[in-house]
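Alright, structures below, take your time with them.
Two complexes come next, and they have one chain in common, chain A, joined by chain B in the first and chain C in the second.
Here is the complex of A and B:
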């Protein structure tokens, strides 16, 4: 579900930042049992064809690629990259459909979008989706169409905040980001 | 005969070493840390992140998957008694109690084998390498010095319904909020 949401967030960003992009972010995970949040680095890439790549660089490494051939996940475990057989691939593919719709100018009607000043709040309309995610808040820096932060609040009260560190429009070699056969060919610098 | 005596002495020495360690040979006991790995069940893989926070009165664990935080459990550091247990839409409490609580107790050497007829514990240098019964096995490997002590940086669980391979990622701050 989090992957769905991140892909949806990519779609939201895409709608406002129409061309291909790469955004490097700080990921801040807050879990109620922890005394302080866990911080790491990640990146989100997407193009106008609806392809997307979600990569976590730290504190662990994982890559999710969504392209015209399907959904591919890779996880570094025991020092080696492992292909993940994801049981939720079909659901994620549906979200990719949403992304394509948004890219073509249609916002998904599965979310209620509330805009206030420099932020937009996405509320899942589907009660089943609300059991996982209570809301997503996208904040923008004044005058910018690049999100400053994306906050994902889980139904259980824990949350993930993604803060933009660097954003690139139409970065060189972006098509490599979506090649599942050479998934390590695209390390954003 | 000499070989048997040497073997018996080695076993006694290992047992003594284990008793001498405050964690009873379970090096993760008393530690707060983060692990990442893959849970494999029924031909599907699920990447998960595990957070463990050890305190004087409880050992808390949260399991995070792609659907967010899936489960939270807490046990007593004295005897592994359940202090709290909660699941999520993706992972019901009943399943969390059956599997996640067992895994946490087994990792800390605080039980987890309640229904087993026999439990085999393999130790080396006082450190637990594995604990197993007919249906369940937990393995601790790649011991490395993290902070003041050596801990297993790889943990593997295999049982009738799933296998789990976890890598140590980093220690966590166990200080007060």
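Here is the complex of A and C:
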């Protein structure tokens, strides 16, 4: 379900990036049961064909790839990568499809969008989606179309902030990112 | 220094998911996994939160415990191929507080409401059912036993496996810890006012109690010489077990014996206190536990307490599984170099002085220590190291003697009024029947022995097939009859298997290992083997070894469903026997026997195989069958087995074969009466051979003095 939520966030980013891209981010998750936030590193890659890769580097390691063949998830366990069967694969696949819609300018079909200065706030219209996410806020550095941060506020009160560390448009070798048979070939390290 | 047992693989099934990875992710990300109580109707506690294991499959007839345990074992088996090690060199040690009680509760509830006596679920009741299932699942043919010491059960089991490996009793061990949520634990902890009203907050100033959880963990341990090409994940470099001998449920507020367990484990690992990178706390979030544990931490580490966290807010208190869950998370934290956070903590408690880890932090973790504290003041500490593989646990090969013995029950039931005549009535009435029998037998053995060993180096090892069946049934039936309205806290406290050894420890002041082991008809022998190993490890100089089972309706019902009932008509009986054993000089009295060897393994029912096994055992002790003056078998009692064992004794050339079950009645622990059968064999070698209904064999060699 975390992947689901974060791919929704990806959708909001993708709306601003019609082209292929790779964003490396710091993930700061504030959860109610910990007094300090959990910090980790992650990366999102997507292309204009609707393919996407979500990779978490810490505090654990996992890779989710969505491509024309389906959804594929991998986790590192005991130093070795293994395939995970995700019961939510269909839902996540749908979200990946939504990315394509958003790229095509259908952004408002899924969210109410409020733009204010350098930020955009997305409010899920679907009551089912609102059970998980109450609001997504995308902030930009002044004059840039690169999101500086994405804040995802969950209905339960937890909050995830994704801060952009590095962003690349049309990075070299991006197509490797979506190859589930060779999923470790793609950087970033 | 010797090479420490290696951890070669791990598996975990918990409320966070059915893998170590999912458990780690939940810990590292602070995932809120606790839910409102479900699984069964609970009029009084439906608003409480608990952790429910994510069990992939629960086949009909399988207990929740078994399903969770298989999930954990299967995950561990994917990480290490046990088939590379000979089956008879693999032992199984399972830690569980209540075993398959959840299914027994379902049975009792259904039978009470329908009036129809259907007993099929009782097949899950025994704790040793789980160790038997674990052995079958893994192909292990070595020693196989379940340790049930409440919340420290799996820490006790891990330490036992380490002792067995270090002393060459096995090459590898499958260690599991498992407990499922049940009405008895929910209502029991409720009756003791220990359940949190919300979600637990370990070490927090406003903590108000525990959330229960259910889980199963599995660790495969291996002697380094048998690793082959396998790469160890880490080593268990230190382990220690102590007892507060303070109270049936509350820890000693000073935490001095918990501190002693920590110190002894660190000493074995040669890890100075300042080199501990992480302390994985028992941290249940009760006022008493966290306070006692904080006192122990201050006593060991002074002002330099290492990073501390409790993971109970993530998994709930998984009782008998909590020790192995802690060990696995400690292992993962070392492998990933991340200190796990103490979820649920918000407000510093000045009275504790513990400021736990509040978010996952990167750190090089070379030595961690996991601690478990259980009912009866039962303490276990395990040191896991990635930085080194050495430990100070060389077997000392000390000779072990029996100095005193006591017995209660020689067929039929035992009248409580004859037991513990010196005990003040107000204290005596708080004890259950089996506690009185065990404590009475132990007192007789102690009185005869006149112990001279230090009390903190004296263990109490109790063997029982069925445990506190009468108290368990009473507590559960009361839940249904009164719809949870009038709980019976004393019955709950007395329902745990280790209620007997903890009562003995409290009365006698023995503060070494305090254990309860269950292994069907060889429960006594497993307790004896454990005590001998503890003495041989140097952790104890003496031990009270006792065993017993009681007659009650639940036990009688159980017999109707088990292989055990295939007897020739002997009556179920109350029975307990106890021995005071120790190294030379452990008691003032003259020893009555020397324990030469105890060997336990699973053998097919084959005269040839058993002949060879017994011959080998005798040979390894420099003896031949002709040196044995008496062969004794107290179990089993069915006529076929009796004839078979007589035939085996004949083929070995041992003329004096005796089957003595008739004298002591039909009881899982009747084999503990052995020493009362050897009185006339002064200077002779006697062999006791016990056979269980699950093909376990225990051979014990005594030299009568």
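Everything below uses one rule, namely that the second predicted complex is superposed on the first by the 184 of 189 C-alpha atoms of A that agree within 3 Å, B and C clash if a C-alpha of one lies under 4 Å from a C-alpha of the other, contacts with A are read in each partner's own complex, and residues count from 1 in each chain.
Here is the rule we use: a contact is a pair of C-beta atoms (placed from the backbone, for glycine too) under 8 Å apart; a residue touches a chain by one contact, two chains touch by 3 or more.
All of these numbers come straight from a predicted model, not from anything done at the bench.
K.L.:
Record, for the superposition on chain A, whether partners chain B and chain C clash or fit.
P.N.:
clash
K.L.:
Which of the two partners, first being chain B and second being chain C, lies in contact with A:39: first, second, both, or neither?
P.N.:
second
K.L.:
Touching A:59, do we find chain B (first), chain C (second), both, or neither?
P.N.:
So A:59 meets both chain B and chain C here.
K.L.:
Counting residues of chain A touched by each partner, does chain B or chain C come out ahead?
P.N.:
So, of the two partners, B touches more residues of chain A.
K.L.:
If we overlay the two complexes on their shared chain A, which of chain B and chain C does A:31 touch? Say first, second, both or neither.
P.N.:
A:31 sits against chain B and chain C alike.
K.L.:
When the two structures are overlaid on chain A, which partner does A:85 contact: first (chain B), second (chain C), both, or neither?
P.N.:
After superposition on chain A, A:85 lies in contact with chain B alone.
K.L.:
Scan A:171 for contacts with chain B and chain C and give back first, second, both or neither.
P.N.:
neither
K.L.:
Please indicate which partner A:70 is in contact with in the superposed arrangement: first for chain B, second for chain C, both, or neither.
P.N.:
neither
K.L.:
Just name the clashing stretch of chain C against chain B, choosing from 111-119, 165-173 or 273-281.
P.N.:
Only 273-281 shows clashing C-alpha atoms.
K.L.:
Share the list of chain A residues that count as touching for chain B in one structure and for chain C in the other.
P.N.:
Comparing the two interfaces on chain A, one with chain B and one with chain C, the shared residues are 2, 29, 31-36, 38, 59-60, 75, 77-79, 156.
K.L.:
So in the complex, the part of chain A that touches chain C is made up of which residues?
P.N.:
2, 29, 31-39, 58-60, 75-79, 156
K.L.:
Which stretch or stretches of chain A touch chain B in the complex?
P.N.:
1-3, 29, 31-36, 38, 59-60, 62, 73, 75, 77-79, 82, 84-88, 131-133, 154-156, 158, 160
K.L.:
Can you check the complex and tell me which residues of chain C touch chain A?
P.N.:
19-21, 24-25, 28-32, 79, 199, 233, 313, 335-336, 338, 341, 343-346, 358-360
K.L.:
In the complex, go through chain B and note every residue touching chain A.
P.N.:
Within the complex, chain B contacts chain A at residues 34, 36-38, 43-47, 49, 51, 53, 60-62, 64, 66-69, 72, 74, 88-90, 154, 165, 167, 169-170, 172-177.
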